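Common to both upcoming complexes is chain A, partnered first by chain B, then by chain C.
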Partner chain A sequence: MMDEGTELSLTIAQIVQRLKGTNLHSQIERQAKECLHRPEIKLESLKDDVRHFLKASGWEKKLQNAVYRELHVQPPPCHPATPPEHTKEPLAYMRKAQASWEKRILKSLNSMCTELGVPLARKRPAIEQKELTNKWNEMGTDEPDLSRFRPVYAPKDFLEVLISLRNPNHDSSEEASSKSYWGLVQVPLQVRDIPQMREAYSELCLTSGQLGIDDLTHVPPDLFESEHIRIGKKVLSEQDSAAAQQYSRQGCPTGLRADLWSLILNSTNSPEDVLHYNQLKAGVIHHDLLVDKLIYKDVKLTASNDDYYFVFEDYLYQVLLCFSRDTAVLDHFSYNSATPPKSYIQGRVGEEEFAVVYPPNGVIPFHGFSMYVAPLCFLYNEPSKLYAVFREMYVRYFFRLHSISSSASGIVSLCLQFERLLQTHLPQLFYHLREIGAQPLRVAFKWMVRAFSGYLSTDQLLLLWDRVLGYDSLEIVAVLAAAVFAFRAENLMEVTSLASAEAVLADLSTLKVMPLIQIFLFATVI
Partner chain B sequence: MSVNTVSCTVKPAITLQLGDAKTDTSRPGVYVIDVTLPIGQTVNIQEISFKNYYTACLTLRLLIRGEEGAAKWATCLRNRCLMPSPHTEEGSQDYYSVYRQQMLIEPDNVLAVRLILRQPSSSWLNFSVEEIKIHPCITEDPERDIPDWLSDLTHVDQLSDLQGLPDPQTVSSSIQQMWALTEVMQTNQTTASVGRFDVDGCYDINLLSFT
Partner chain C sequence: MLPRNMAKNKTSVGYKGPYGYQKRRDGEGRSCVRYKCGLTNTIQDVLRQRPGWIEVKETFELPSEYHLFVEEFKRSPGSTWIMKPVARSQGKGIFLFRKLKDITDWKKDGSRSEEQRDETQVESYVAQRYIENPYLISGRKFDLRVYVLVTSYIPLRTWLYRDGFARFSSTRFSLNSIDDHYVHLTNVAVQKTAPDYDPEKGCKWQMQQLRRYLTARHGTKTVEALFKDIDNIFVRSLQSVQKVIINDKHCFELYGYDILLDQDLKPWLIEVNASPSLTASSQEDYEMKCHLLEDTLHIVDMEGRLIGKEKRVGGYDLMWNDGPVYRDVDLETLGSSCLSANTHLGCVNDRKKQLCQLLKPIPGQKRI
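And then the complex of A and B:
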């Protein structure tokens, strides 16, 4: 690989390029120009004095946070000869699988359009626009007839695709499979085992305080909670993204969580962000998309039926409809193995000036997609702020849960890791479940695809997502899935069918996630 | 990374294994690929780049022409790990380069390159390296002569009596700095997108296209 110096220069150049022209850039420029009036800025040491001023007034910290954010979403440095598709996904067979999965989705969407006679997108007539503007805050009261629409795909369809993933260069002959895995995922990706995770997740160890364990009612707050809250307030006053991320590993106090998460994600709610959100809202008002019906249907089927989330129905529409119009989301496709669907307006197929992306953000929602947003409604009640946080979480984490890639946080790795952990540490249980035709992944997949949203109680889910943010990885989701099986192992050993296994694991709402994860990682005998 | 490459012939891989290649049932774990230059040509190597295909580690040997025309093989890279974990996918299809500075010997006057590929894991049906390219050292341009009148301008003039005015050298250097800063600010090209998804207000789509 390139030497470190060249890699660093390249990374710096890329980040500078990305930050140029952003809001922050113009704000800092303006500040720098205005500070020239100040007496302490001298002509001979212009550069240093301006830099010093920016540091003292907190702008350097904002820039630091912005750079930190870019480092999160930048693909890892790679060889200069690497083509862009390799950056999206290095393994050729995974690219192919993702492409054919996408083709299936597009065909399905096209056939739905043709069957129902509904265009993918159209401009709303003025009356309709006015109606929608008036009804914007209560779209949930609308009861449109969505019976003809069906979700484009459900998680179980996606699971079948992942199970059929094969590396053509991998030996899957008889002698090889005898020493292979009992699980469904047959792709040899690198996943971490418990000793490696004990090192990586050292803040979760048994001797370390945790929110979710050491803040329960019977534990005196002086032991951990009060001090942790004090540190949390300090982190917020320093406005340092990296510190907030590190802090989040031991959990965020309920009262500070909203601010901490937006600090970690570097998602601001400046007037420009509100303006951007309103621009998206205008996009919703002016154009009607078929994807909107899919979103409506999804919200009605999932979040509206959920005891915790039905109150947020209106917010969900306000976020998801705008999300579909947001072209800024297209940036993440440089490191996502997926590709946004393309189309041509007015039927001008093949003419590049009329080529557009559909939907504008390139993401076709599937059954359960709204559950990525629902838990965030507990933290943010202002739509533009809620939107900004959701969008950042999507382009950092959630997109990996529904695209085929070899990434360590990707759903394929999570599935493989879940199965490996189970097979290594609960072999009897795994063997039993396999024998009765109840492959564990068939039950756990739906939890992992949604990062447990809608399955855990909300306070527990937020504690889990604290760690996802803190460790910048979805790996903990796979660990929790294995830990849940470990917890219910006794009951599962007695079941005799897939249906009864599902029944044992149907209700996770009483589970406490942090003790489960802690015990699984640090108290399992290896 | 230099874009220019030297034309060379990549010979097909030869396996190294114990026993008879035809009757042996297990797959080979070592391949040797020879890359030769056109006859008589030598190259001073700056970089060798390639794309991996499931090779775990790589050893490089160079055939170097010494004095009196005698050629000798020497190892320039020993067991460079391409896949940190040979049983798993990490690094299996990545692009790599070996640079001059990383080699054990000076890669000058090279006649041929031998790549020795190893893959200890039996999980893979095949392994190789692809798109092997040899990049030669770029020769530097000879220094051009500066015309005489240019060197005359660099003389520092004697300063006349300033009469309370600031030193012209410091003023000119700070003006230069300011000019450079304004130039930088003017040439900043923004990469931020406008955010419109429609084409001239129209976003009527009937069907998705896929090729």
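And then the complex of A and C:
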């Protein structure tokens, strides 16, 4: 094990390495050079004066934000001799399960490709390119025939894989007892219980103000809301990522949320971000990918049919088609247990020099994928900005919801935590549902995979995602899932089948998330 | 003796609902607001005296005001105009035009003989300048439907309902094809016939959703200013017809206002419907309209349960009571000069709770 000092210097070295050569680096260098002309910079105290200037002009803050961002996406510190795949996922059985799942998905994609006779990628003829350029802002009006295409997989297929996960070192042959777990997920991962979460989520406690609770009509704004908004404006003017993240734990005011989130994610929408987006757009115009059809189908099936998100259909194409082609996303595979699927140039199967990552960003979309983007359309309407924010949210959080890993924010942990919370605090309900063949996870899984997008009303969803960003963890999603069951427990006790349980939990659009979470975490009798 | 006339009116029957209420068909004063031309004339008269007082685009009745229209038309060549039949609804018969030759049928020509005029009687239409830079959400145009209840014209007493909706056109906005009705007309009735219309989907947003979206995009201050401008449209349009309408304190009118926002977030009055459609396009819509009708009847107050000093009844807020109505202020803010209007369009509508509190009988109080 490394000692703390070594760990820290290693981390610093890694961050410096990553920031070297970025635009921020060159900008700061340029600023430092230009400031030499200024009268207050003296030769005797050059270093200090330049540092002071950079601080006063806000460049130090920008650097701080960039470092803060890197800390979020760094793989966890480990021994220098660790092979990279262990960094991605330390547990061997998880790695194996993820690898075989990936094989399955790729096989499914390839067979669809052969069956339909559609190439994985092809260059568009000039006329088609021109047409697409003209139609870029209204791709939703296109009605291609997608009936032959099916989504590569749906959340319930993924659930079956998670249910079959077993740790080979764990002896699960003991008799079923009160100590055994009643849920579907049978892996021994460490998940937090309510007392631990009360400490971790202290800002959500009953005595502390929250948006989503203390901004409701009957509460006078002077009690919490006005002050919170004032602080929010101050955080924005200071342009401090870490402060914004802390602030977001108590919710972001509607008028400030867009700016706060982009500050937390350090999504600046600089000219080079816009340039990068336009390059991706050009990529979409030049080449047609098979995954494009999958994206089209997904948007048409999910977001376009939603009462509120249907308006944003065009934006969804503009973001997701570009996302598929963004090789910068490949960086996140250093800490994602998944590995990008490889495809081979025709006729060269197995030859590594002819392997390409497919799709270019390494992420094969599944049924419901577009719902990760849809809520963001409420906040950002400039495509390049929307894209930048989505990509950052994906590489920090969303990827964990559909890859098999032991991470605390990973879907496996979330499922396990959901089931454990239910079994500990609502044992009667859990037992009843289990007996009638309505395992709770079968209903809650689809909510968690999408981080509740499309199930909650938009304003409530955004309040939930405020906390995901604020606590840098998806754990709160599992807590909400359990809280929903607790809320509808009375009705659920009366159901006699999985179908009727689904019916009771079909409509979550009237739920208020913060009271549910707060009551579950802080008012449950332990 | 019933203090109100109640009779079933087919055009106002709600979706599955038993409600019906009569807008007095007799009385020219009423039709002054209902038929598009009536309000137009009155508003245009007022605007000539006080330009810019109400945000509404130049409107003319054809064929009677044909020459005035041509004058205005020639002043802005290349602009687009929309023609709407006066007595029809739900988007029927509406079209856009840019050239005078498209509307020669409505040309008022003194040279035509008496017989000719009788034979080829054209339907009365209203021509209005088309708003070419509407506010778009994701490339789509939308307009707002807002419900305003008037219980008395002199003195003017009017209520604004908190709920309403934004109706989206199902295709992307572009001025290239003005023949494509589906792009430009946002009436749900027209959208229903569009080829990609999915009846399960609907193309409406609740007013709350729209307000939240605009707040997220433009900030609270801008949006509050916008809604204040919208309030002005309601009040001023009603004030302009005050003197013309036959006032009967035993009658009430529920209007459906159509408002369009332009790119600068300025609201424009498109038209006022005296018989707003009460059929529902979805479960959510049905509930909203039921609540609207319930609250309308609460205000009409046939059982005499209200005192008459209420500023809010269910989802309705008292907007104008022979003068502006302000929100209740508590003593601490009494010193501040910033009084805000009592309207809450697009805000939270906790009407059930409010009605429970309001209609709770106070022991010992005598009711007529």
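Just so we're on the same page, the second predicted complex is superposed on the first by the 511 of 526 C-alpha atoms of A that agree within 3 Å, B and C clash if a C-alpha of one lies under 4 Å from a C-alpha of the other, contacts with A are read in each partner's own complex, and residues count from 1 in each chain.
Keep this in mind: a residue touches a chain if its C-beta (ideal position, glycine included) is under 8 Å from a C-beta of that chain, and two chains touch if they have at least 3 such contacts.
From a predicted model like this one, the values you see are computed outputs, not experimental measurements.
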| item | value |
| --- | --- |
| Partner chain(s) touched by A:216 [first = chain B, second = chain C, both, neither] | second |
| Which superposed partner A:356 touches (first chain B, second chain C, both, neither) | first |
| Residues of chain A touched, compared between chain B and chain C (which is higher) | B |
| Contacts of A:369 with chain B and chain C, given as first, second, both or neither | neither |
| Partner chain in contact with A:254 - chain B first, chain C second, else both or neither | second |
| First, second, both or neither for A:323, with chain B first and chain C second | neither |
| First (chain B), second (chain C), both or neither touched by A:311 | second |
| Contacts of A:53 with chain B and chain C, given as first, second, both or neither | neither |
| Which superposed partner A:379 touches (first chain B, second chain C, both, neither) | second |
| Shared chain A contacts, counted only where both chain B and chain C touch the same residue | none |
| Of chain B, residues touching chain A in the complex | 1, 49, 51, 53-54, 84-85, 87-90, 92-97, 99, 101, 122-127, 131, 170, 174, 177-178, 181, 185, 188-193, 195-199, 201-210 |
| Chain B partner contacts - residues on chain A that touch it in the complex | 1-3, 17-18, 20-22, 25, 29, 43-44, 46-47, 78-82, 86, 90-92, 102-103, 106-107, 109-110, 113-114, 119-123, 167-171, 176, 187-190, 276, 279, 283, 287, 325-328, 341-347, 349, 353-354, 356-358, 360, 406 |
| Complex contacts: residues of chain C adjacent to chain A | 137-140, 168, 171-172, 196, 198, 200-203, 205, 209, 212-213, 215-220, 223, 282, 284, 330, 347-348, 350 |
| Residues of chain A defined as touching chain C within the complex | 137-138, 140-141, 143, 216-217, 220, 253-255, 257-258, 304-308, 310-315, 377-379, 381, 458-459 |
